[in-house]
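We call the chains A, B, C and D, going by the order they appear; numbering starts again at 1 in every chain.
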Amino acid sequence: MVEFKDVSVTYSSGVDALNKVNLKIKDGDFAFVVGSSGAGKSTLIKLILKEIDATEGTVMVNGFNLSKLRRGKVPALRRTIGVVFQDFRLIPTMTVYENVAFVLRVIDAPAKYIRSRVPYVISLVGLEDKAKSYPTELSGGEQQRVALARALVNDPKLIIADEPTGNIDPALSYEIVDLLRSINECGTTVLMVTHEHDLVRYFGGRIININKGVIAFDEVIGGTNRNEGK
Amino acid sequence: MKASSARYLVGQGMKSIWRNRMMSFASFCIILVSLLMVGMSVLVTINLNRIISGIEDQSEAAVTIKDDIGEDRQKALQKEIEALSNVATVEFYSKDEAWKNMKKDMSDEQQDLFRYADDNPLPDTFRVTVKDISLMADTSVQIELLDDVDSVKSPTQFADVLVSIKNILMIIMTCVIAALIVVCLIIISNTTRASVFARRKEINIMKYVGATNTFIRIPFFIEGMVVGIFAAGAALLLTKFAYEGVYNIFKNDMSLWSILGIDNLYPFAKMFVKVTASYIIAGAVIGALGTSISASKHLKV
Amino acid sequence: MVEFKDVSVTYSSGVDALNKVNLKIKDGDFAFVVGSSGAGKSTLIKLILKEIDATEGTVMVNGFNLSKLRRGKVPALRRTIGVVFQDFRLIPTMTVYENVAFVLRVIDAPAKYIRSRVPYVISLVGLEDKAKSYPTELSGGEQQRVALARALVNDPKLIIADEPTGNIDPALSYEIVDLLRSINECGTTVLMVTHEHDLVRYFGGRIININKGVIAFDEVIGGTNRNEGK
Amino acid sequence: MKASSARYLVGQGMKSIWRNRMMSFASFCIILVSLLMVGMSVLVTINLNRIISGIEDQSEAAVTIKDDIGEDRQKALQKEIEALSNVATVEFYSKDEAWKNMKKDMSDEQQDLFRYADDNPLPDTFRVTVKDISLMADTSVQIELLDDVDSVKSPTQFADVLVSIKNILMIIMTCVIAALIVVCLIIISNTTRASVFARRKEINIMKYVGATNTFIRIPFFIEGMVVGIFAAGAALLLTKFAYEGVYNIFKNDMSLWSILGIDNLYPFAKMFVKVTASYIIAGAVIGALGTSISASKHLKV
């Protein structure tokens, strides 16, 4: 569960990225976050991950109160969240396989489980052939899919995806949102930032629109795919 | 932690040595050089110390004893002197011997002069060496106070000079070694910091996906330790060659041999175990701590 | 002018990214390059910039024969091309202003010209407020627009944009393609890689579709905006 | 290139010192330390050389002349000896003086012995010092061949020892300095490489937007040069303090003063200009070249 109470973020440069945001995403929800460039979407995500701290207000994530969370507990928080970063953030010195497996190694998962789980997740995003490649040897879309695989691999309670289809062609984009949808149906909360209105229109669901740091719109709309009986 | 995780972390440390080979090589060079500089300076100091002690050991006081005290009393006196706490050795030097040696050293003119002196004018003496040359003056007085001792001639001025040379040398060498250690720590910390700095993004990413600080630090620790051990090995080899090179120069140059006494230099074999242990431990500790401390700077995200 | 003759690229990892590609883009053309993730679009761009060399075939760009181009001449080639990289490639230690101005400094432009040209181009992409920010202080879309401004600033003969709207909301994306269109109308050749089919459909023009390293489709189609009389 | 561009490039170099302050500080430390180590070793070598030369100057040959050759002949002989190429000074030492000094050194017993010797058995001598002590033996022979010279007693063994000590010291110091230079070059190249390595992406991007190698290299060059000059300044200060510290120890310790002679140490002021010039030039060149050569490695894109 993610809960924002009167959260404001002002960067040291003086930019007000978020302004008194109130937001509640319940366990099992699926929400799209949309908004123009620089609206504050990534800032929202950085808050949830405790990459930055709120200047004002409280952020609760999966039962952790982030303003009171001690430094040593941050890894515990992050392990409950799978993130696709907008800039991917793959470890350049590790292969695709190792990048994905790393998340499992961090939680001390059994070697056997790692050996079966990692290839499965990599195949979910269609990168079976690239498991042994390094991030610099991948195309933009391939890197993005590795980031997605990494976010899924340890079955987190909450998946956050910042523009996970920004570098991916339409057909594959639909597949990826489908994948996130089906994971959501198994109980995982999913928060997906996107600027591809086609996708949002097609899938429908809860739409949170951020505009200049405030929530301009937060409603559930019907998706066209249901109407058209996909 | 599972055995498989431990294996993984160790493996990562090893791999990253090769992956960051440029930086590993830099650390290797710098630890090597640091160990060499400090190690060599310590070895030089140890040997200088020994050479000076050797010279000290050879400097002796001449104790003139009263005439005709008889052989028993003379032996007793030797015992008494030997019993003094700072006395190392006491050797009897009869007046006949002294006279013979004196005549040998004289020029022909002087010998001519003595041709007519029928009696040996020199006294019997003891040659006394001391344990601690800086206490030579005190010891002389103690000997002088004994019965049947006529006078004590001790090289107190020479002793003073030797002691002050030794003190100054030790101060200088201690300063040099301390300075070198500081210098090496600066260099090593800068190098490991630079080497880790190039990987700060990697460290950040690991933190963002939930790795604990320990989990991130262990491979760095192992990486640094292994590089440090390799550097120590190389330093050991170089030290051996350099040391034995200098040792052989001294051994082969007879004139130096006679001044310093080759016996006063330690052969390398005698110190091998200590040097090896110090190098390996220092290398491993320096490498491991340097690298993992540098890594810690980037862990606060 | 860009001309590919039987160009193949095989990466050292053994991946065949391009396979006997023949392509000619005349001066003043505007072309969209589309294709699925990993099809070889970015590879095409890397070739044009001589970031990599063709394994086979010849590439001619703005009169330079790239396989015969000496190392010392590469900067001259690159100065005739403005590129928006898929991963932005902004210099992290320079502000937005300096990142854009750098391209002009490289060609030894007069200080006065730099002082007037750079703010103008930055305003074209809507970043007047961010001129003094560093790239790390920008949102994904803002960084992308800085990259675009940098590609435009020295009035290159050829502009190449690799997914320049991948992180930008739809409204702004249309504006940006409009901007590229108008620059194209002044005689600059533009090559734009995109996976947003909406954009392509809307603007129309020459579409080059790359699929698994070969050109599957290369035709001119009409855009809907002309029909609808924008 | 336009003046504005030149200004820009210089400005970039200066800015990037602050922007990459961690790395600049690393380079600063390392150049500082390198200059210090090499500089100090050179200064020590120069002074050791001078001390040994001082000792050499004081060691003299004793030329015994035949009895009763008269004052004129004695003066002429002095001229003849002075005319020899390797002779530095010639001093007359009359037999009366020698006799007086000899008696002063004798023990009471020995003096008793000579009480009855009414005639002075010692000869007149010249005390001869030479320019090059290693040619002492040759010079002795040349003097011996002159008329009215009875014998020459020269400290050839001492001369040999001194020469071999000097040679060995110079060999050792040359090795130390050469080793230090190599070490410093290794350290500096590794540090600048690491410092530039962290900025390789930046360099690549500059190349991708059409910058020439020179354009990219100039700011690095200037950055390195400025850091090098700062390091040289700091090294100069530290050298001054250390040097004068040691100088004062020698000055204040009388017993050492008497052995080595403080006159044989150069005061720092005398070398200030040379040391300053060498440090600044070395610092600037090392910094500038080190950094720009390291930058070149990343320019091939």
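The definition used in the following text is that contacts are C-beta pairs under 8 Å (C-beta built on N, C-alpha and C of every residue); 3 or more make two chains touch, one makes a residue touch a chain.
Just so it is clear, the model here is predicted, and its values are computed rather than measured.
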In terms of touching chains, how many steps apart are chain B and chain C, taking the shortest path?
2
Target chain C, source chain A, minimum contact steps:
1
Maximum distance between Cα centroids and chain D occurs for chain A
Roughly how far is chain A from chain D, centre to centre by C-alpha average, rounded to an integer in Å?
68
Which integer distance in Å separates the CA centroid of chain A from that of chain B?
63
Chain centre separation in whole Å, for chain D relative to chain B (CA means)
25
Select the category (line, ring, star, complete, other) that matches the graph of chains linked by touching.
ring
Of all possible chain pairs, which ones touch?
A-B, A-C, B-D, C-D
Residue set of chain B touching chain D in the complex reads 22-23, 25-26, 29-30, 33, 36-37, 109-110, 112-114, 117, 121-123, 160-161, 164-165, 168, 171-172, 183, 186-187, 190-191, 193-195, 197-198, 246, 249, 253, 255-256, 259
With touch defined as at the start, can you tell me which chain A residues reach chain B in the complex?
49, 51, 71, 74-79, 81, 83, 85, 89-93, 102-103, 105-108, 110-111, 150
Contacts from chain B onto chain A in the complex sit at residues 1-2, 4-5, 8, 16, 19-20, 199, 201-202, 204-212, 215, 300-301
In their complex, what parts of chain C are in touch with chain A?
11, 13, 15, 34-39, 41-42, 86-87, 133, 137-142, 144-145, 162-163, 166-173, 195-198
